[in-house]
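Below you'll find a set of structures to go through.
You will see two complexes here that share chain A, one where it goes with chain B and one where it goes with chain C.
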Partner chain A sequence: MTDAAQLNTLASVADERPTRNASSWYTLLKPYIGSPFNAVVTFACLWLIYRLVTGAWGWLVTRAIVEGGPQTCKAAAGAGACWPFLAAKLRFLIFGFYPYDEHWRPALAVLLFLGAMIYSMIPRFWSRRLLWLWLAVVVTCGVLMYGGLFGLTVVNTTNWGGLPLSFMLSSVGLAFGFVLGVLLALARSSKLPAIQVIAVVFIEMVRGVPLVSILFMASVMLPLFMPDGVTIDKLLRAQVAIIIFAGAYIAETVRGGLQAVPKGQHEAAASLGLGYWLSMRKIVLPQALKIVIPPLVNIFIGFFQDTTLVTIIGLLDFLDTVRSAMRDPAWQGIAVLEGYIFAALVYAVFSYGMGSYSRFIERRLKTDHGHGRH
Partner chain B sequence: MATSDSSPVRLLYDVRVRAVLYQVVAVALVVGIGFYLFGTVSRKLADQNIATGFDYLSRPAGFVISQSFISYDSGNTYGRAILVGLLNTVWVSVFAVALSTVLGLVVGIARLSRNPLLSTLALLYVEALRNVPLLLYLFLWYALIVAVFPPVREAWQILPDVFLSNGGLIVPSLRWSPAHTGVLVAAVFGIVLACIVASSFRRKRVATGQSRMAWPYVLAALAVPILLAMLVFQPDLVVNWPEKGRFRITGGLQVTPEFTALLVGLGLSASAGIAEIVRAGILSVGRGQWEAARAVGLHDRQTMRLVVLPQALRVIIPPLTSSYLSTFKNSSLAIAIGYPDLVMVSNTTMNQTGQAIEGIAIFMLVYLGMSITISMLMNWYNARVALVER
Partner chain C sequence: MSKMITRMVAFGLAAAAFSVFAAPASAQATLEAVRKRGKVLCGVSPTAPGFSYADDKGVRQGFDADVCRAVSSAVFGVPDKVDFVPLNTNVRFQGLQSGEVDLLSRQTTMTFSRDTSLGLDFAPVVFYDGQGLMVSTKLGVKSASELSQSAVCILPGTTTLQNLEDYFKPRNIKYEAVVFENPDEWRNAFFSGRCDVITTDRSDLASVRAIANDPKQYVILPETISKEPLAPVVRQNDSNWRDIVSWTVNALIAAEEYGITKGNIDEQLKSKDPEIQRLLGVNGDLGKMLNVDNKWAYNAIKQLGNYGELFERNLGEKTPLGLTRGPNQLWNKGGLIYSPPFR
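After this line comes the complex of A and B, so read on.
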C-alpha cells in the first residue's frame, strides 16, 4: 500500500467517527441500515424471516387439518400438517407398547423423576440427602414400571418404551457413568503407572469409536461373554453400553477439574494426615467437581440426545415409538413429518431447559468465586 | 516407620509396598477378566458351531451395495465389501466436515454481527440444531427428501440430462479409467506444488519486504502437472449420459437420497457446534487487537483476515479437532437411514457369516485408527499455529 493510499484510509477512518448530534431515530436504526452492506443484510434477514414465518404458519395452522382421520389427511396430500395423527397416537408416542390400562404407572414414574430432577437442580437443596432421595426415586420408578409388588401386574421390559425409557436410559446411564467416570479420572491421574495405563487405554478406546459400535458390541457380544445359562435383558445390555460410553467422556471432563485443583490442596490434605481416599473425598473431589459442573451438564444434554441411538439395536425409545407410530398401516405415508416435529419439540424443550440451567450454574459459580476472593 | 518393624502386617502399611500391591492386583484383575472372557467366548462359539478367524474375508459376499467408488458386485469378497463401506464412510465424512466448516464459520461470524436481526437468526439456527438429536434430524431430512421430491417415474428434469427425484440426483458422469486416476493424482500433486510455490513467495516477501508477482508461477505449478498428465495418459472423455427409461433412470452418477440426508444431517449439526467454537475463538481476541488494526488503517474485513482470525485459530483448533472427530464417528448413524457405510456393510456381513466378534473388531479398529490419525494430523497443525513464546 502506498503512503497516499494509507493516508486516505486513515482520513476515511477519521470521517467515520460518530457525530454526537445524531437523533434517536439514527441511533435506533444504525445497527440495521448503518452501511449499504448492513442494509442488504437487514433486508435479506427480513425476507428470510417473512418466508419462514409465513411458511410455518401456513403449514402448521392455516392449511393444517385439525379434525378427521387418515382419509381427510390423505385428501389434503401434505399441504398442511395432519394433527389428527398426533391426537390419535399421542399416548402411544409417549408410552410405546406399555399396556394401555397401566399407562398411569409410567406417567407417575416420569412425573416423579422430573420432580426429583427439578428439586436437585436447585442449589439450596444440594446436600448428601439428595443421594437417598434419588435412591428412593429410582427404586419407586423401577417398581412402578416393572410391577410385581403391591398388586401391580408385571410388565416385562420388552414392553417398555417411549419417553419413560428414554429418561431411564439416560438418567441411569449418567448416574452409573458418573461413578465410573470419577473412578476412571482418579485412575488416570494416579501416580501408579499400571493403573494409569489401564485407565488411559480404556478411556481412549471408548472415545475413539462411535457409540453405535459399542451398542452393537453390547447387543451382540455381551451374550457371548456371559457364562452358560445367564441371559441378560436387551435393555440392560444397551444400558451397560451407555454407562461405559458416558463413563469415558465424563472421566475426561472430571480429569480437567482434577488438574485445576492446586497442588497445595493435595499437600495440605496430606499434611493433615489424610490418606489418599479421604483426601480425595473430602478435599480434592468436591473442588474439582464444582469446577466441572457446567461442562458436565453439557455432557448430560449430549447423552440425553444420544440415547436415541438405541433405536439402531431395536429398543423402543421415544424416537422409535414415534417411528413405529408412523409405520402404522392406517397412517403410513400420510403423516410423515408431524411425528418427527413433535419429537424434535420434546427433545428441544428438555435440552434447552438443561442448557439454560448450565448457563445459570456457570454464572452462579462465577460470582461465588468472586466473593471468595474479596 | 515401616522399616523399624518388618513383620508382614506392618509391611502392608508401607506406601511403596502398597503401590506395588495395588498395581499387581489391578493388572491381575484385568488379565484374569480377559482370560475368563476369552475362555467363555471360545467355548460358546465352539458350542454354537460358529467359525472363528478372518478366512471369511476372502469368500464371496453375495450382497449388493447401493453406492461404491471402486468396482463392486455381489460376486466380490467380503473384504472388498468392507473396503467399499469404509470408502463410503470416508467420502461422506469428508464432505460433511467441509460443509460444516464453511457453514460454521459463516454462522459463527454472523452470531457476532452488530446487526441484531442477523445475530438473532444465527442464534436460532445454532439452538435449533443443538437441542435436537442428530438421529432425529437424519430421519427428518430423509423423510423430507422422500416427501418433497417426486417419484422416479415423474423425475424433474432440472437441467438437460440432470434428473431430480426421491431416488436421488442423477447427473452425467465420466466413464472412469486408470488414465483418469493418473490425471487426478497429477492434479493433487499440482495443488501441493502450487501451495509450496505460493508459500515460498510469501516467505520471500516477508523476508525482503519486496512483493513480486506470484500468481503466474502459482498457476504454472498448478497447471503444468495436469497438462503433462493429460498428454502422457490421454484419458478419453466418454460421458455416461443418464437415460430416463419407463420405470427407472439408468446411467450417470447418482447422488442417493441416503447420502444427501446423511451429508446434510451431519454437516448442519456439526456446523452449529463449529459456529459456537468460532464465536468463542473470535471473542477470545482482545479488543485492543481490533483497535490497533483500525489504527494502522485496516478495514473490518482486513482486520478479521489478517489480525483476528490468525490469533483466534489458536483457540479454535483444539475444539475443532474434536468436532471433526465426532462428525467422523457420527457418520456411523448411516445405518439408521440405510447409507452403506462401514458399520452397515459390517452388520450385513455379520448377519450372513455369524462372525460377530470379527466384524465388530474390524470396524472398531478402523474407527480407532482413523480417530488417532485425525487427531495426530490436527495436533501437528495445532503445533504449527500455536503461539511461539519468545
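After this line comes the complex of A and C, so read on.
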C-alpha cells in the first residue's frame, strides 16, 4: 500500500503521467481501439461474435423445434435444432443395442461406477479399503452388464454399447494401463540390461504405431492365430489393446517423473537399508508421480476420447451410437448436428471434471513446493 | 498376503474371461454349436438404413436383420434368438472365418473370387442391387452417356470408384471423382451443387433422394453400371448349415409366390396344394432332412412374413427409402427372385 502510493507520487512528479483513476477506461481499451486499424479489427470481431452468438442462440433455442416427430423437423428444413430427435433417441444414444427392458442394468452399473469414482476422489476416504471397494464394484458391474447370475438374462458383449461401453473401455484401460505404465517405466530405468531392453522395445514398438492399427491387429489378426474353435471376445481384445497402448504412453510420462527425482533420494533410501521395491514404493514413486500429474491427466483425457476409435472394429461406443441414431431411415438427414452437440456436451463435462479434479489434487499435494521435501 | 490375494484375483479374472468368452466354432457343426449356445450369431452392417439399423428402442431392424431372424425362427422356432454382431466392411469375412459369427447377412455382393478364394459359401441372392447415378433435373440429362466433365460425389467404398472408372473409361466420358469420408458431407455436397452426379448402389441412392428437401428435383439415371447381387454368407464345408440358411431364404421367396403371408398362413395350412403342404410341414419331412423342426418354414413365415412382406416393411415404397421392387420382383412378375421347388 505505502509502496504503491510512493510510486504513484514519484511517477506523477516525473512526467505527470495520467493517474490511474482518471483514465482507467482509456488504458484498458487502448490496445483494442488505440489506432484506426485496431479499432476496425476490434469492431469486426465484436460483430462476428455477435452474429455467431445470436445465430447459435436462434438455432439452438428460439427457432428450435421442441415437439413433434421427423416430419415436423423435416418441414422446418433445418431452420432450427430438432430436439425431438434427442428425445426419441436418448436411451439408444446412452445404452446402444442393450435390450430395452434391461436398460436399468447398465444404468445401475454406470451409477455404481460413478459413485465409486466420486467416493474415491475424496482424500478423506483414501485407504487400502478402496481396493476392495473397486473390486466389488467391478465385479458387480460385470455381473450387471453380462448377467447369467441371480436370474439376470445373459446379454452378450456384442450388444453392449453407448456410454457404459465408453466408460468401461477408458476407465479399465487407464487403470490397468497405469499399472502397466509404472512397471514399464521402472523397467526402462532399471539397471538390468535385459529388462531395460525389453521395456524399450515394447514401449517404442507400441508408440511407433497408431492405436487404430493395434485395434485392427487385435480384432482381425489375433483371431486367425487362435487355435480352431477358440474365440476371445472382441470387446476383451479391444480392451487389452487399449491397455497396452495406454501403458506405453503412461510409461514414458512416468519415466520423466522418475528422472526428475534427485539421485540423493535413491541414495538416501538405500542408506536406510530399503530394498529396491520398498524404496521405489515409499520414496521414489510418490515423488515421481506427483510431478507428472498434469501430463498424466492430459493422457487420461486424451484416452477417454480416443476410445471412440473402437468404432472402426465394429464396437458401438457412445459417439457411434450417435452416428447410428442418425442413420435410422426415419430420421436420416433430418437431425445431423443435434446428436453431435449432445455427444460434445457429455465429453466436455467429463473432460472438464477430470481437469478440475487434477487441479484440486495438485493443490492438495502441493507439487510445486513439496518436491524433494516429502 | 495382499500380494497373494491380488495374484489370485488376477488369475481368477483371467480364467473367468476365457471361460465366459471361449466359444466353439468348429467348421463342421455350426448347427450343433448354434443349438448349444441357444443363439445364432449374425454378422450385420453396423448401420445401413433399411438393411440394418437401430430403431428408437435400440432394437436392430432392417432387411438384413430380418433374414437373421428368419434363420433363428427356422432353427429355434422363435425369431429373437439372434445376437447381432456389427461387422465393418473390412473385417466381415474374417468375422465369419474366425467363428465370431455363424452367418453374414450384411449387404455382401456375391462375386467369383469371394466365393472361390475366401473359404466361404453364398446363400441365394436376397437383393439384386447395382451401382447407379443420380443427377439434378436441372442438369437436363436423361442418360449416363450424356454426362461429360462432371464432378461425381463418391464414398470411399469397396468398388464404387472402380466401377465408375470401368464404365466411363471405355465410353470416353471425362469425370472428376470427389471423395467424402462422411455420408452426411457426401450427401450435402451433392445437394449443394458441389457435384453434378452422386453415385452409390441404387438402394442407397433412393434413400439419399428421400432425404432431399424436394425429392422430385433429382432423378436416378436408368443405367446400372455394376451388378451387386447381395446374399447371405456362411463358412465353407458345412453343407447342413448352408442348406438351412439357403432354404430359409428360399422358403420366404416361395411363400410369396404361393401367396402365403404372415396373416393367412394358418388358413394356408389347410391348403390342398401338395407343395404348400410340404413347405409348411403339413406333409412330408423336409424339416427333418434339414435337421430342424418340420415347422421350420412355417415358423419363419409366420413370424416374419414372406419375402415381399420383408421387402415392403424395410425397403418398400411406404418406407422412407421408398424402393420399388424392380429386379427384386418375383420371377413370374418380371423380376429375378426365384426359389427352386420344395419337393
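One rule holds for everything that comes next: the second predicted complex is superposed on the first by the 319 of 374 C-alpha atoms of A that agree within 3 Å, B and C clash if a C-alpha of one lies under 4 Å from a C-alpha of the other, contacts with A are read in each partner's own complex, and residues count from 1 in each chain.
Just so it is clear, contacts are C-beta pairs under 8 Å (C-beta built on N, C-alpha and C of every residue); 3 or more make two chains touch, one makes a residue touch a chain.
Bear in mind that the values here come from a model prediction, so they are computed numbers and not experimental data.
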Contacts of A:L224 with chain B and chain C, given as first, second, both or neither: both
Which of chain B and chain C A:L192 touches, first, second, both or neither: first
Which of chain B and chain C A:V336 touches, first, second, both or neither: both
First (chain B), second (chain C), both or neither touched by A:R323: both
First (chain B), second (chain C), both or neither touched by A:Y347: first
Contacts of A:Y146 with chain B and chain C, given as first, second, both or neither: second
Touching partner for A:N159 - first (chain B), second (chain C), both, neither: second
Which superposed partner A:I312 touches (first chain B, second chain C, both, neither): both
Touching partner for A:W134 - first (chain B), second (chain C), both, neither: neither
On chain A, positions contacted by chain B and by chain C: 220, 224, 226, 228, 311-312, 323, 336
Chain B-touching residues of chain A, taken from the complex the two chains share: 1, 6, 9-10, 13, 31-32, 34, 38, 41-42, 45-46, 48-49, 78, 191-195, 198, 205, 207-213, 216-217, 220-221, 224-228, 301, 305-306, 308-309, 311-312, 319, 323, 336-337, 340-341, 343-344, 347-348, 351-352, 355
Sites on chain C touched by chain A in the complex: 2, 9, 17-18, 20-27, 39, 41, 46-50, 53-60, 83-88, 90-91, 94, 97-100, 184, 187, 207, 210-211, 213, 319-321
Touching residues on chain B, where the partner in the complex is chain A: 19, 22-24, 26-27, 30, 37, 40-41, 44-45, 113-118, 121, 127-128, 130-137, 139-140, 143-144, 146-147, 294, 297, 299, 329-330, 332-333, 335-336, 343, 347, 350, 356-357, 360, 363-364, 367-368, 371-372
In the complex with chain C, residue positions of chain A that touch it: 77, 88-89, 91-92, 95-100, 128, 135, 146, 156-159, 219-220, 223-224, 226, 228-234, 236, 311-316, 320-321, 323-330, 332-334, 336
